[in-house]
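Below you'll find the structures, each written out as structure tokens.
Paired with chain B in one complex and with chain C in the other, chain A is shared by the two complexes that follow.
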Partner chain A sequence: MVRQYKYEPHLFRRYKEERDYFSFLSGILAQDPDPISQLSREITDITVERYDQIMQYAEEGKPFIAGYFCAAPEIYEAMDLPWYMIMATPFLAASAPYLLGDIDGAEAMGLGTDWCTACRLSLYYIEAELTPKPWALIGLIHPCDAGNLLHQSVARNQKWRDVPIFATDPPYFEDQRSIDYFAGELRRMVAFLEEHTGHKLDLDRLREVCIESNKQYELWAEYAQLRRAVPCPHGWGIGGPQCFAAVQVFQTGKPRGTQWLRNLLANTEQRVKEGVGTIPNEKIRYFWFDLLPFGWVFEFLPWLEEEWGAVMVMEMFGFTPYTPIDIRNEDTIFKGLAKRNLYDSPMVRQARGPADYFAADIVRVVKDYNIDCVIWPGHMGHKDGSASTGIMREICNELGVPYIHIGLDLFDKRYTTPDECKDKVSKFFSAMGLG
Partner chain B sequence: MSIFDAYVNKVREYVEDMGARGRRMVQIQCPTSPVELLDTLPIRVGPGASSGLILRTDSFAELGNPEAGSCAFTLWTDRVASINNGRITLIGPDIPECPGASLPFGQVMMAGGANLTEKQHDPIRFTQYPSDRIEGYMVRSSSRYMWCRVSKDAASKGFCFETLGRALMAILRSDVPDVEAVEVVFVTSAKEDLEPLEELSTQVEKISNSLIAENWKAKGFDLYECSLGWDCSVCPDRPVCDDIRQIIKVRKVTGSQGETNPEG
Partner chain C sequence: MKSQVLQQFQEATRSLVNPELQKWKDQGGRVLGCYCSYIPEEVITAAGCVPFRMRGTGSTSTELADACVSLINCSFIRHSLDLGLRGEYSFLDGCAWVNSCDHVRRIYDHWKRKIDTPFVHLLSLPKKVTEPQVEWYREEISLFKDRLGFHLGVFISDERLWKAIRLHNETRQLQRQLYELRKRKDPPITGAETLAVMVAGTAMPRQEYNELLRELLDDLSRAEGHTDYRARIMLIGGILDDPRYIDVIEDQGGLVVTDSLCFGSRTMWRDVDENASDPVTALARYYIADRPSCPRMFGDHLRRSAFVKDMIRDFNVDGVIAERLVMCDNWTGEQFMLGEDLKETGFPYIRLDREYLLTGVGQLRTRVQAFLEMMGR
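After this line comes the complex of A and B, so read on.
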């Protein structure tokens, strides 16, 4: 039964601040004629538009949901359901000026500081009534215990007790049985969304979305190849995270997102043909095997380029495999979505199942991208991955490529300060003879 | 006897079946020594032979685009005699015939060596991905497909499946010295012709995953969450698991709020 949604303006205060923050970034980027800045601006623009859309739907009493990039956003798009992630603030707006205060707020609320900051912040925003309350919530019980805990907490949270929640159950292994099972989970998710939003899934519309989405993934995969070039055409400033934002979050199955990827590709191919790198003198090509340190990215990654000539050639979100969805019929579409969302989605694919994903990714990236060293940031919340640090170090030893586990918080720069990170990485580069 | 012996036979049956169905098939006998394999090749083979990247506009042909069909795996055996050393089997059209084409692509590399054991499984499977070691040839960096490009430059020099097969054989012999014999099967005929190979590939992958896990275990690492082969009676963590199972039981009985999957 579709519940009666009550619009509560105060829940949108922080959301509106985030929207304004992205709008501010768009304004700054608009003043820079550099093509890469313009590509970035397009991403911040579409981000702002999604924020506006959610707020508009809320005000007008139209259904919108909270969901995840790895829970078939193609379906949300086909059902005409605008969506946002309750973990959006840590991921998207992590450089916003209020972030550290909010982390303190979460701590003051008694949320454990050993719990992933992204999850901690998300629960804080709900408890502090700083997150829009959706018509329905698609939860996430993979790939990590921290995410699972967040959604269990949300399900029992008094403030959101009236928000229906559904979580797809992810199988552990990668085989046909798992794909069939997860396809069934996605069908259950559709039934849940139909029940609680009143929107129906039209198979023809889903097919259209998947066709467009397939184009987007193919372009993204093509872009990822171009970063193999020496020098690398782009650095940390543009690449996987923006492709992720376009393909899996804000423009899933939309022609505008496809065009953005074409523009990105054209820019990158041109730079590869001209031999233009992201910095004039590329000395170290590193693989950053995680999310970017979004909370303090401007204090660290530009420094690596300027001080060491170190270029982020590939990162976890950029190394996303491409599985086209077979659009022949409903069965093939759902199985294709299951495969894509279980085995392709960045971070989820590595951390969900057997630890060999970490090792196998390192082997391919190191060899194909001419990598000089692997940096496992060791985000305090990524305990699943950090449990595999021995495996990663071992495979790097076998490949003869230096490996470092820093140990930091991607969102809170007080955990390991940017200066401490710089010191650690500098010693590492020097000791390995990379600098 | 090796774990993949049965699959070497199944690949042979597949090749025979393709022949019986009238698929165009060529078998090429190449030299067997690594040096001779590379002797008359029109392109360079070895580290840095290629930039590792071929742009779309520089591509002569594409192989294994997922839309067109893609399947690849490696097999090895200690029964050297079961491998036709130096043989390349091509089912379907060759590269020079297909300018601008996007071909389905199947690739099976079969290695034989009297001293081959499970320990060499990883290095053998990784030789499928030559990275920058074959001039004019790129395997796209993706964990899932054998999706490749041949450059126009390489095609103009005569790059064909014999070239590719010889280069792959040489790389495999060089990377894994215990390999004494290599045979390669390429399929480009049709996407449907890859389906029997995909069925084999699924089984091979299961075995491969077990070998990978065993090899990691031998190094002291467990790939799976449960490390004792699911023999709970000897596991020191059993009390913890028992507690968790008890909590799940209680939750199932009392019912959980919301609609999270109770089996999740």
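After this line comes the complex of A and C, so read on.
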């Protein structure tokens, strides 16, 4: 049954603040003629437009949903359902000045402090009425326990009990039976969305979206190849995370996103041809095997470049193999989406199943990207990854590449402060004779 | 209470290999480790093996495991993996996992790389409880059955499976009889003693265990009950296998009369349907949809919460203590949600963090005392 949606303007207070923040950022970037700033500006413009679209749909009483990048955003696009993540603030606006206060707010709610900060924050925003309420919620029960329990907590939250929720169940291993099963889960997700939003899935439209998104993945893969160059054409500030944002979140299957990737590629090719690196004197090429430390990124990653000549050549969201979706018929499309979302999608790919993915990705990145060291940040929420640390270290030992496990919170800089991280990494670089 | 059988059960919790299990091994019997209560133990029994619930009993340090995992991983996996790395689990003929949680599923990765156990297997356990998941798990159980049977050279027929199901159901029924006694105003058995009985059931040949449990029930029917308590407590949480933890609670006057624990009621509150069309489907339905679920099961919180509320009513509980291992996200979330549910009814509820080995006894004592006082007991 299609839900009767009630527009509640007060739930958009924080959402508007974040839209304004990105709008401000776009304004600043617009003044900088540097091509990389312009590439970044395009992404922030797109981000602002996405915020505006959700607000407009809410005001006009049109269906919009909350969903996830690893739950087939191609389907949301094909169903004309704008979507946002309830984890948007920790992922997009984690450097906002209110973040630490919000983390304290989550703690005051009684949420366990060893529970992933991104999850705690997301639940806090719902309880504090700082998140728009969608027509329907696609929850996430993989790759981690924290996410699963977050969405269960959202489902039982008094303020969101009227929001219908569905989550796709993830099989553990990678084989055809698992792909078939997950394709079935995606079909059940479509039925759920049709029931609760009234929007129907048009297979031809889904095919168009998949064709366009295949192009996007191809361009992304090409871009990832170019980052092998020495010196690396781009650093932490542009690359994988923006490709991810464009392809899997804001511009899935949209020509504008495809064009942005072409522009990125053109810039990168030019730099590689000219031998221009992201910094003048690249000394250390590191693989940052996680999300960026969103909450304090500006206090740490620029320092690595300036102090050590250390360049983030690859990170978790920039490197994942992508399989094009076979668009021949409905069956192949759903199976293609299942494979992409289970086994290709970054973070989900590594964290959902056996630790072999962590090992295999390290081997490939280290070999292909001429990596000098692997940094496992060890985010406090990524328990499965940190439980794989011994395997990652052993793989690095076999490859003869130094490995460090820091132990930090990607969102809360009070957990391990930027200065402590700098100290740890400096000692590591020195001890390994890097830089 | 004084009962020879009870002592036998209690001794079984103090070491990994108890005399009954040793006897089984000495006679050439095989033992298969199980890392979670969602592993269909009936299949293992049908294969002629003893299913053994993995623990960290006897571990005193985690140096070897710490090289594999990290300090943000729970102390249960660090201790049990450490024992494995030290060869303390060399008595196992195999070991099975499900992807229970982010911590336990990684033991599988380390185990298969570092520990020489003849058979290792992980069943992909769904995280939802509806029909497609029952069907998925049916296939998983079937694959497990075939692979284990092939490894052991045993054909696990439907007949063998039904026999095993009946045997395990018998265990569940006997254990429920034990819990039934705890509903009394003067329960003849404490919570710590009950946990010992339950843990022992996961470490002994099942037939022998059932016989011993029948003897214990007989002893208890003649035993005097406990009346010298301040409050009747329900204990909720994950993998708690050390009765001494409950001893600390009960020493303060909080008699644990029921639970929702991995070694407790969740494993036996329902039976596998013996009238189902085939045994593998019956097992899949039991593990996915019928038995009281673990917090990792999405979409089932209301049923879990109702289970707790029913227990509170049926066992005349005065307060709920929810314990969890530090770093456990599943139980962090469940403790929070359950706390909110009970808050809505105004029922006394406290959350406690603990490590796998019994530490911080003073703090535990203080918190339990405060909780009992808060309840006016």
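Definition applied: the second predicted complex is superposed on the first by the 435 of 435 C-alpha atoms of A that agree within 3 Å, B and C clash if a C-alpha of one lies under 4 Å from a C-alpha of the other, contacts with A are read in each partner's own complex, and residues count from 1 in each chain.
We take it that contacts are C-beta pairs under 8 Å (C-beta built on N, C-alpha and C of every residue); 3 or more make two chains touch, one makes a residue touch a chain.
Everything numeric in this text was worked out from a predicted model, so none of it was measured.
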Joint occupancy of chain A by chain B and chain C, clash or fit: clash
Which superposed partner A:Gln53 touches (first chain B, second chain C, both, neither): neither
Which of chain B and chain C A:Gly378 touches, first, second, both or neither: second
Partner chain in contact with A:Arg177 - chain B first, chain C second, else both or neither: second
Chain B versus chain C as contact partner of A:Glu185, first or second or both or neither: both
Partner chain in contact with A:His405 - chain B first, chain C second, else both or neither: second
Which superposed partner A:Arg156 touches (first chain B, second chain C, both, neither): both
First, second, both or neither for A:Gly110, with chain B first and chain C second: second
A:Lys367 touches, of chain B and chain C: first, second, both or neither? first
Touching partner for A:Ile141 - first (chain B), second (chain C), both, neither: both
From 57-65, 75-83 or 111-119, the chain C stretch with C-alpha clashes against chain B: 111-119
Shared chain A surface residues [contacts with chain B and with chain C]: 139, 141, 151-152, 155-156, 167, 169-170, 172, 185, 188, 354-356, 390-391
Of all residues in chain A, those that touch chain C in their complex: 110-112, 114-116, 139, 141-142, 144-146, 148-153, 155-156, 167, 169-173, 177-178, 181, 184-185, 188, 351, 354-356, 378, 380, 383-384, 386-391, 405, 407
Complex contacts: residues of chain C adjacent to chain A: 67-73, 77, 99, 101-103, 105-106, 108-110, 113, 122, 124-128, 132-133, 136, 139, 295-296, 298-299, 301-302, 326-330, 332-337, 339-341
Chain B partner contacts - residues on chain A that touch it in the complex: 139, 141, 151-152, 155-156, 161, 164-170, 172, 175-176, 185, 188, 192, 221-222, 224-226, 228-230, 269, 272-273, 319, 321-324, 343-344, 354-357, 359-361, 363-365, 367-370, 390-391, 394
Residues of chain B defined as touching chain A within the complex: 51-53, 55-57, 66-67, 126, 129, 131-132, 138-145, 202, 206, 209, 212-213, 216, 219-225, 256-261, 263-264
